[in-house]
């Protein structure tokens, strides 16, 4: 059991936790956090797994950097949407009844 | 490419372009629309005449290109296709004239004539298709372009009929597609060829070939209204009269029958089909359809429905003819393709005239109409007698040739079918004729309209009379060159000695 | 010369065929009416002025048409033309304005069919004309529009269609066997075909409907009486013979001896001639009586047909007798039918004269000496003479003929009886009277100049039977008169009590 | 020349995205229409270049993989690039007229539109797995933004659902990428194949493939992971729905297909292939059935997308352990299906948008009698429907034909039933719309007439979908062009 493999395993566990949260929790912000946790897990795997076999590898680190940028963008968008959704419907989850159900004519 | 390659394309394009132009015309452009319609019909007729002459002399018309990998799109004019093309070209002209009169002052005419032209373009394509794939292409196009015509009235009943129509035809299309794809997998891309492809087919694929044949007939049989796939036809009667005329006489049912002819002769080859043992069951099925539909027709009280069942019965003559193994019978079947078209279109025109002029839809309302509308009734009478097979009309020629062919092929039972069917035809047509001519008219017609000097609008008056005259002529002059019978014999000559 | 005949035959068929065009304009009703007698004239000229043997090829027609003329056809054509002509004249006076145009249209079409079928030699056009006559005849039958006419029309149509189909099937089978469309090729082919009996059954039955063969005759007593009088005349005089002609030209007579079929036809003829008489004398209406009389007379002809079937050697001779008999019967029966539509004049003498004229064709039918009937009966007797005929049942023919003769006169007497009850007093339209007179004249006088053939059958002078023949003709008549008198007396007695 | 084309292709969308961020809607429209012209010309140029010279690898900015962005330009990719150009420009032009410029948030339409386009191009041309991920995310995020432009709570709700599904799918995919990289030390599919040539297949590498395919299937809305799609596509503005249905779902499928075609043989197994095919079939049947049951017009079209996407996944069973020619047919069929569905569905959504504009309601019942007043849009709808029903001569038919041939050729006849049933079911829902429009009802006779340009655009797309069948041979021949393997890693 090398350290990188440990990272990878930890990443896998984080993934699991994130997945659980994403599917199980209903509050949108919690879902968002769960997504971020899962993302971190994936990044860990991405960095950890290659180093377990081939030693230092710069490529995954570059990838993860990019990945984090993407994740931040996604999170930002999600937050904006959740906020506006709450603003319009007063709901914090997708399961409740929103104010207007049918798509009004455009 | 030479001009000859393009003539079939032009023939196709005349109605296709007409369709597009008509779709774009405003609803009020009555005069222009009529001009476009009739002009296109005349041009097409001219092109068909040119091709008929050319095919007779042995000129090759056709073009092909690869459409989907492994499959070619082929347009080709041979004797058989010219028979169908000629039918549709002539009758399109007349039906257009009729439809112009019939739909006067009714809404949605642009839509109607647009799809009408599309429908004819598909029919032309079916006639000129050079392989099964191309055939299928236009076959489905026909389904789609006739749907709006069937539901044209937009009533609940019309829409229900349209749904039935679609369920039948699209399912049939799916089966046909399966069969064609399978055949393609088994034997590759087969062009229609006189004499067929499977005369010396590998015995290993015989089983597949038989199954494919069954599927093909099932797919095509929907449009040809073979029992038990005929259910849509009587329902489609809610369509306006020109549409019924077109559906029954030219386009839809004929497309199915024509397809079966193509499959038997130009894909399998009549000898191979006979050797596979698929022809005789087909003949039995056709015979049964002939009788069954005639019996059903007896009990119909709606004129158009009765005519519809009559169509089901009559179209099976074509199939019966091709499924009897023998050149004479084949000529009988093929010639009926045209004869039935002429006779049935006459009858439907007349039915339309009665409905449009006097508001008559039911047979028991027809008492004494012969006095009010002698011209139409005369045409109706000729059409009905033609259907019965009374000499010297078109139907007689069919029956005579078909009967002789059946005897030559050693299938004597066909004579019994022919005789029985004629009796049944007489049983459901003659009472109508009696009403027309010998009953006293009722005090008033359901909804009478007047058009001045003639008994009805001139647009409606002349087409049935013309087709009635043609019904007589193709019968009386059956032995002239270029008569339908002679042409059918030419086809058969080429099919049996490729 | 060929051209002359070709033009004439085309005219003979084409004129009545195109005549209905006149009905297109409502204003032409008069033209329509007065041109009725003209229609059969080309056919008449054709029958009288041309020698048989010409033929006209019409390769474009149907499956290849051929029209031609031989001795047999010539007599049938003559009968048709003459009868239609006099009936046409009669009709001009007879018809009212009631659906005149419609009647004329069907008249012309029926006539075209009737003439056409006598000249057509190919199966296609023969059958076409036959069918045209049949279907157009429906229009004549139901013309009056009464419930009875409709009923009669329905029966007529059903049986006619059945007959047509039998003919179609028979012709199809035969022409397939012969591999030819010409009628003259059919009989030999039928004779040799393994399906001979089927074909013969179909053709016998098919034409038998028209010819009033027993059990196929039901339409006849219904249809003939309800039709307008001139139409009844041609129905019973000319059109009924078309069935006979159909047999003669399609069945194998000279080729093979068919004892079985001969026997069958003999039986049918016997049943027809006697049975129809039994039914006929029970009828109340004169035209119904005449209709049964037609069936009865056709029964006699069927006897000859049966004999011709049985003995192929004798067939040609019998053919000419049949033709002669048909001609005689057609003319006489036509006259009788036309009489049914007459009105009696007021004066006693004129009345008697009219009655005499009415009676003469009837008696001619029964074989009164010096009439066509006597000649026909004698020819028939000679033709069916037992010793010359190779037919197992030949011995029954003579008594049957005698019985037939008795039956004939009984029916004629019954006709007079019923007619006397229905004839009304009044004036006849001139054309009607003219037509009637001409019919009787033709039947009694002109007949003798017609081109029939009885060579070797009847001793000359033809119109004067030999004494022993005279007795043979007369005693059945006497018997019939006696029977009639007895019946009359018996009814009086019964009624008195 | 190629350099300019590539640069134009990738940077124009980004540049225009930034440019339009600075303008309001009306100005953005003008700017965009200019950009569309550039973009279409560039795509066309690239397509012509490739069809003349064949495909190639292109290192962006001279950087090589794995750190640089390397693009793989082959016949299939340029075909999709051109398809994107066609559909996106059609949607762009349509949106310019269709979308109400007075709503303030609509000004974000144009930047999102351009980001989406650049993401699509990145996916079509992407050479390695991670760049594909980035492209996918770019697409997803801008697509979610576009859905949310509807502005109402329902739209936000749908877009949030969409976002969560998309993110989950992306992460699953990325996890798979991580495993692949960990296993094979390369990010390019070709590299993995290369590695596998002289190594045995490592245990567990199937998991990576499964993760990636599952993630992508979620983004493509394969049954039963389709639940997010209908609300999102149904609620978005019509041009957006058109973009989403026509192109966005195809991007993730495109990646899945490339993975499967290269790695399916070594890493996958028969059961998995059949399972995916089965899910696809279920999507066809269930999606069509639900489409038939919808009362809102756009929902019908959206569920139809679910069904049509189902066909795409027949690629998996039809290319797994079959003969070369069958596999070829299946690939060609699927490609045609992608293209024809893109064109047809875009046409359909745009036409549906016109119908909704005209009747003022999204309900199918409201179409009563509309055929008399709006035959043009209705006709476009119908023509697109023809392609969806896969009737000849449409592209959909050509696709179905090839798939039929492949199914029959590989002996997997059960897919034949799916194909035929699917065609009939799609006919059922398309004609349901038609039926409603043909119904004559004198009550509602007042319809709003959309401008002619709105009507022409779907017609053009629909005609292309129809015409595709006639020229499918030519289209497919470009895809099959030889590929220069010079930049092979």
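We just call them A, B, C and D in the order they show up, numbering each chain from 1.
Just so we're on the same page, contacts are C-beta pairs under 8 Å (C-beta built on N, C-alpha and C of every residue); 3 or more make two chains touch, one makes a residue touch a chain.
These numbers were taken from a predicted model, which means no experiment stands behind them.
Visitor: Using the touch definition from the top, how many steps at minimum link chain A to chain B?
Guide: So the least number of steps between the two chains is 2.
Visitor: What's the farthest chain from chain C if centres are computed as the mean of the Cα atoms?
Guide: For chain C, the chain whose C-alpha mean is farthest off is A.
Visitor: Report, in whole Å, the distance between the mean C-alpha point of chain B and the mean C-alpha point of chain D.
Guide: Roughly 42 Å, centre to centre.
Visitor: Please report how many Å separate the Cα centroid of chain A from that of chain C, as a whole number.
Guide: 107
Visitor: Please tell me the distance, in whole Å, between the geometric centres of chain C and chain D computed from their C-alpha atoms.
Guide: Averaging C-alpha atoms per chain gives centres 86 Å apart.
Visitor: Which whole number of Å gives the spacing of the CA centres of chain A and chain D?
Guide: About 25 Å, centre to centre.
Visitor: Mark out which residues of chain C touch at least two other chains, giving numbers and ranges.
Guide: none
Visitor: Considering chain A alone, which of its residues make contact with at least two other chains?
Guide: none
Visitor: Report the complete set of touching chain pairs.
Guide: The complete list of chain pairs in contact reads A-D, B-C, B-D.
Visitor: Please output the residues of chain C touching chain B within their complex, sorted ascending.
Guide: Against chain B, the touching part of chain C is residues 59-65, 102, 124-125, 127-128, 131-132, 135, 139, 142, 145, 150, 153-154, 157, 161-162, 164-166, 168-169, 172-173, 175-177.
Visitor: Where on chain D is chain B touching in the complex?
Guide: That would be residues 329, 332, 369, 371-372, 375-376, 379, 382, 386, 389, 391-393, 397-398, 400-402, 404-405, 408-409, 416, 420, 423-424, 427, 431, 434-435, 438-440, 469-473, 476 of chain D.
Visitor: So in the complex, which bits of chain B are touching chain C?
Guide: That would be residues 385, 388-392, 396-397, 399-400, 403-404, 407-408, 415-416, 418-419, 422-423, 426, 430, 434, 437-438, 440, 475-480 of chain B.
Visitor: Which chain A residues qualify as touching chain D in the complex?
Guide: The touching residues are 8, 15, 18-19, 22, 28, 31, 35, 38-39, 42, 45-46, 48-50, 52-54, 57-60, 62-63, 66-67, 70, 73-74, 77-78, 81-82, 84-85, 88-89, 91, 94, 98-106.
Visitor: Which part of chain B faces chain D closely enough to touch in the complex?
Guide: By the definition above, chain B touches chain D via 23, 65-71, 73, 107-108, 110-111, 136-138, 140-141, 143-144, 147-148, 151-156, 158-159, 162-163, 166, 170-171, 173-175, 177-178, 181-182, 184-185.
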